[in-house]
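By written order: A, B, C and D. Residues from 1 in each chain.
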Amino acid sequence: MNSQRKNTWSSPRNVRLAAVVVAAVTAAPLLASCSSSSGSKDPLAAPKAKAGTVVVGSNNFPESILIGDIYGEALKAKGIKVSYKPNIGTRETTYGMLKNGSVTVLPEYNGALLAYLDPKAAPTTADATASAITAKLDPKLTLLNPAPAEDKDSVTVNASTAAKYHLTADSTIADLAKYGGQITFGGSPEFQKRQQGLVGLKSEYGLTPKSYKALDVGGPLTEAALKNDNVQAADIFSTDVTIAQAKMVTLKDPKNLFGFENVVPLVSKTGLPQNGVDALNAVSAKLTTQALLDMNAQVQNDKKDPLAVAKAWLSSAGLG
Amino acid sequence: MNILHFLNTFFSDGANWHGQNGIPHRLLEHLQYSAIALAIAAAIGLPIGLFSGHTGRGGYALSAFATGARALPSFGLLVLMTVWLGELGTTPAMIPLVALAVAPILVTTHEAIRSVDPAPVDAARGMGMTSLSVLFQVEVPVALPLILGGLRSAAIQVVSTATIAAYISLGGFGRYIIDGLASHTYADVVGGAVLVAGLALATIGLFWAIGRLVVSPGVRRGC
Amino acid sequence: MAGNPDAHALSSPRAKLARNDLSTPRRGPTLIRIESVTKRYADGTVAVDDLTLDIPDGSITVLVGPSGCGKTTTLRMINRMIEPTGGRILLDGQDIHQQPVNALRRSMGYVIQNAGLFQHRTIVDNIATVPRMLGWDRGRARKRAMELMERVGLDAGLAKRYPYQLSGGQQQRVGVARALAADPPVLLMDEPFSAVDPIVRKGLQAELLRIQAELGKTIVFVTHDIDEAIKLGNMIAVMRTGGHLAQFAPPDELLSAPADAFVEDFLGTDRGIRRLSFFTSAGLDVTTEPVVTTGADAAGHVLPELPFLLVTDADGKPLGWARAEQGEQPDYADLLPHGRPFVLGRESLRDALDCAVLSPTGWAVAVDGTGRVAGVTSQETIATAIREAHAARKTKPAEPGSAAADPANPAAAEDPVNPAEAADPANPAAAEDPVNPADAADAEAPADTAATETPADTPAAPGPDAPGPDTPDGDAGHPVRATR
Amino acid sequence: MSAYFDIPSDLQHSYLGLIALHLQEALLPVLFGLLIALPIALVCARFGWLYPPVLWVTTVLYAIPSLAFFVVLLDYTGDSTTTVEIPLTVYSLVLLVPAIVEGTRAVSPDTVAAATAMGFGSLRRFVQVELPIAVPAIMAGLRLAAVSSISLVSVGAIIGNEGALGNLLHDGQIYHRNPLIVTSVVTTALLAIVVDGLLVGLQVLLTPWQPHGRRAARRARTAAAVEPATEAELRPGQEADAPVLEDAAR
């Protein structure tokens, strides 16, 4: 070894080199994050779906996944290339993904969507709901025809609470409001801040629960919490099969806070070919609340796979 | 900067400073979960680690157990305990947190005692110290920095992982993250993350202070 | 330095031992008796094989041998750190197996390599450990610890330090002090000085001999270093791999009569020279003829066989050699170095020979305890003395083998001249750990090394020890040991 | 058995597919982490003053809870495996940098001096001498990183089916199929144990000079028992003293 190479790493040149390496390694992620954050107002900058493929997304609860499967299989039956992105998350997330094009088709509920887009809107008819949505909807997106099938959020009390406060199927949310200071309310984390949630319950019915427990989207946590009386009332889907099983009582919503909740495909205008639009409208025409309840029961009670249930319904409806 | 903006939004929101969803209340919850989990894990891990380290027995069983405990996915265990126990109290959350914390405490304690210079231990036995005296008067004082290191590492992981308790409707700083994700309010997510990271760093500081207090200067060597 | 060599010589451990043996036989001849002890491990390894050994009271017994010879195992069986698989060990006639193990251990001091100090405790608390275990109150234990620090030559200022702040040599002193804290009759030492550098080791060995001279403990000492064994041991047990006892003898006998080829090989090639350490220079013929005071008339002083004169100052201390032919006056301004002188009577023939070999004139300079010249002597004279010394023991240095069977006088070796190193005039104090960075950094207390690590020069009890049975008797010219 | 292994269609993977996906999401980050950690560790090993600040940065990063990390990244990388992989890369990095630095620092100074005396340049010495000797320490870091990575992937389920086997947890909940949750937990744990075992095996292959296994350990113990104090057993204490004394001298 000659003496010049002896101190390779402590020569000034190499100190600089070292500094550069460290700087580069630490700065790279920072730079990356800065550029992507400053570039777009909307942070959900996921890669666009492959051209020609329709991406069917769904929210993170079983019924949404099931309807997503129905949409997807119906499109496939028309020879359209479909890929699924099921079980994504909440509307707050999925709406963004529709806007940026990483999802093409999403099962939605018109009332809930409107409440998300315009918390102050209070339409009294299904058509008014549809037009209110269209007014607020991102120009890249559109609603197809709503199905007759409805699945609402609902304020449901467990059996013991119903007995305690003498609540029956004829009682309204306003009847519960009197006891608000004594109940713990359960629901999804997002329910707390939504118009179709605690916000609306307070403004429409004056219901302010003693406390709120963030659970899941009408899923097992919510059901368990109701059954164990961890919460006395909760937001739970009106199509949930456990309501009847556990003798829970769903309170009436005379002010239509949870509005019209028809199942409706929310799609990207450019992503779906016309035959796809036709296929989804055909599905909506035949999708009834009873059909939804049946299918939910098959998934939840009979542990059938939602995709199989979807395929079976499509073929029985002559769409598959 | 995006993140700074979020932080400003989060911390300047007066609603985040009081009430059930206020930072002080969430901090107390987070500390409570972390402290209970750490205490249980220490109650399990320290005696076993001290005993096995002192006797030199059970090293293989211990490392196998620790590998197993580390291998358990905390989040999966949380969900599993929730559905199995069918309740929403703190118990389902404690089990994964304890499982997470036991391994580092156990293994570090064992290794710490094992790595004590054998010469003073030999000298202590040779001068007629009882086995317990050797352990508590010679081995533990010398191994204390390492044992504290194990507890600290467990505490950091517990503080950081206690966020997932929010997934099963518990409180703590995880609430901000889970709720922020669900309602797409990123200020809450970033705020929650910063709070958790800050708490973890505070934990490091706490253990440093404990070390200054309880470790003999002869072991610390004045550093 | 060397202010009172005689006193020092007489306070040597052997002197003390001899006195004990003659005047106060406290426990009979053997304190520790190892009877047919075997240690076999579960995997079949035999560490110690049917070992029988009587360890005499009040003296230093060294177990020495190569790695794996079972010497440490033997030592550790004495305080039951290891339990034998066969045989038994008696302490004062009692089987140690019948005694509570921790009480047994508390009654024996235990010193190991690297000292094994408790790094989390201060020096004084380290030393006070056993007294505290024995239930002494803190004040008394600390007081005792402070006494012991002084006894082992540690500055009291170190008491509140932690072990890491001490040099290796100082740590080992603390280890010895800790072992002595409860005044146990037995001291077990397991390679205590192996991990320190040779200069420090030399100081510690001298210190141990000094302490032993004062305390007269029964010391079992394990080492792999045969020189250390010979220097320290009253009795030496040479062990060989597999846990067999090769020879158990006093050092002088070991050197002169190794039992077999293994022991001979283990002793090394220069054991004849080393054995000279056990022959006193007390009766060596020295002449003051070629010694002149500087500036004095040298007429008639020059010997025919030595064209030099040893020049001293007015006080009689040597200054150097001056070249001088018979009848001429030397040039007092041009002196050759006189080399290291030996202390007549205190140092051994080995030292005398060494001085002579190193001297520029071939003659060794003998001084008395105060450093004044006692005379000079030639290599031939020393050689004669060696021959006579051997003859006195009916042995010949060239044929040690023939002396091996000389059992006639086994006790003789128990009473050798104190080792030369103990009186090494080169200052061992200053040499202790000069390279240790801890000490070097110890600017606050520069005194502690220099002041506290002076081992050989502070014999605690010189006066009372002076008259002893091993005082060189009238039969001058012969080694002390040969008189018994 | 089908209750355990019939994977809901919305996961779009078979059981084995989920395993493969899980391994990919967990182990690619460990690999990237290692690749990034090596140069950082090299620089830290060479320039000691860099190590403490780097350690602080990594500690802060490690303190960020995985869930929050995922969610924040969701903003930038969207609902994709990348969102899971980036935090896991960071966590691996954080575990590996100290492992490598401490590992190479623990290489005996004698060995380093010998290599230097033989004419190894600094970089070559790091790669050919210090790194191989540090393999056990590095492997320990790798094992920890791999096992924790495998465990953390599951959390990705919360950000939208990006948790591979962890997705079974959510599906098990929403479909009321507890067996799926058991499958997820058990499979994840087994994966971690198997990967850990493979890494141990890899270490044995990489460090043929080290004693391995129970027999070697017992041999070492017996040897130590026979002559406890004469062996190098007592050396660690001495070694630990050395740097401290050095500091004191400075």
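Keep in mind that, in the parts below, a contact is a pair of C-beta atoms (placed from the backbone, for glycine too) under 8 Å apart; a residue touches a chain by one contact, two chains touch by 3 or more.
Molecules present, by chain and UniProt name: A = ABC transporter substrate-binding protein; B, D = ABC transporter permease.
Because the structure is a prediction, the values reported are computed rather than measured.
Put simply, the chain farthest from subunit C by mean CA position is A. Set side by side, the interfaces A-B and B-C show unequal numbers of C-beta pairs in contact, with more at B-C.
Subunit A and subunit B (ABC transporter permease) have Cα centroids lying 35 Å from one another. Subunit C has its Cα centroid 90 Å from the Cα centroid of subunit A.
Taking each chain's centre as the mean of its C-alpha atoms, subunit B (ABC transporter permease) lies 57 Å from subunit C. Computed from the mean C-alpha positions, the centre of subunit B (ABC transporter permease) lies at a distance of 19 Å from the centre of subunit D (ABC transporter permease).
The multi-chain contact residues of subunit B (ABC transporter permease), meaning those touching 2 or more other chains, are 2-3, 83, 117, 119, 122, 178, 181, 186, 221.
Of all residues in subunit C, those that touch two or more other chains are 76, 112-114, 164. In subunit A, the residues touching two or more other chains are 33, 37, 43, 89, 93, 220-221. Listed in rising order, the residues of subunit C touching subunit B (ABC transporter permease) in the complex are 76, 79, 81, 101-110, 112-122, 129-130, 133, 162-164, 175, 178-179, 188.
Against subunit B (ABC transporter permease), the residues of subunit D (ABC transporter permease) that register as touching in their complex are 59-60, 62-69, 71-72, 74-75, 144, 147-148, 150-152, 154-155, 157-159, 163, 165-166, 169-170, 172-173, 178, 181-182, 184-185, 188-193, 196, 214, 228-229, 233-234, 236-237, 240, 244, 247.
Against subunit A, in their complex, subunit B (ABC transporter permease) makes its touches with residues 1-3, 20, 82-83, 86-88, 166, 168-169, 175, 178-179, 181-186. If you check the complex, the residues on subunit A that touch subunit D (ABC transporter permease) are 1, 5-10, 15, 18, 21-22, 25-26, 29, 32-33, 36-37, 43-47, 58, 60-62, 65, 68-69, 84-89, 93, 97, 102, 216, 219-221, 299-300, 303, 305-308. Residues of subunit B (ABC transporter permease) touching subunit C in their complex: 117, 119-130, 133, 137-138, 141-142, 215-219, 221.
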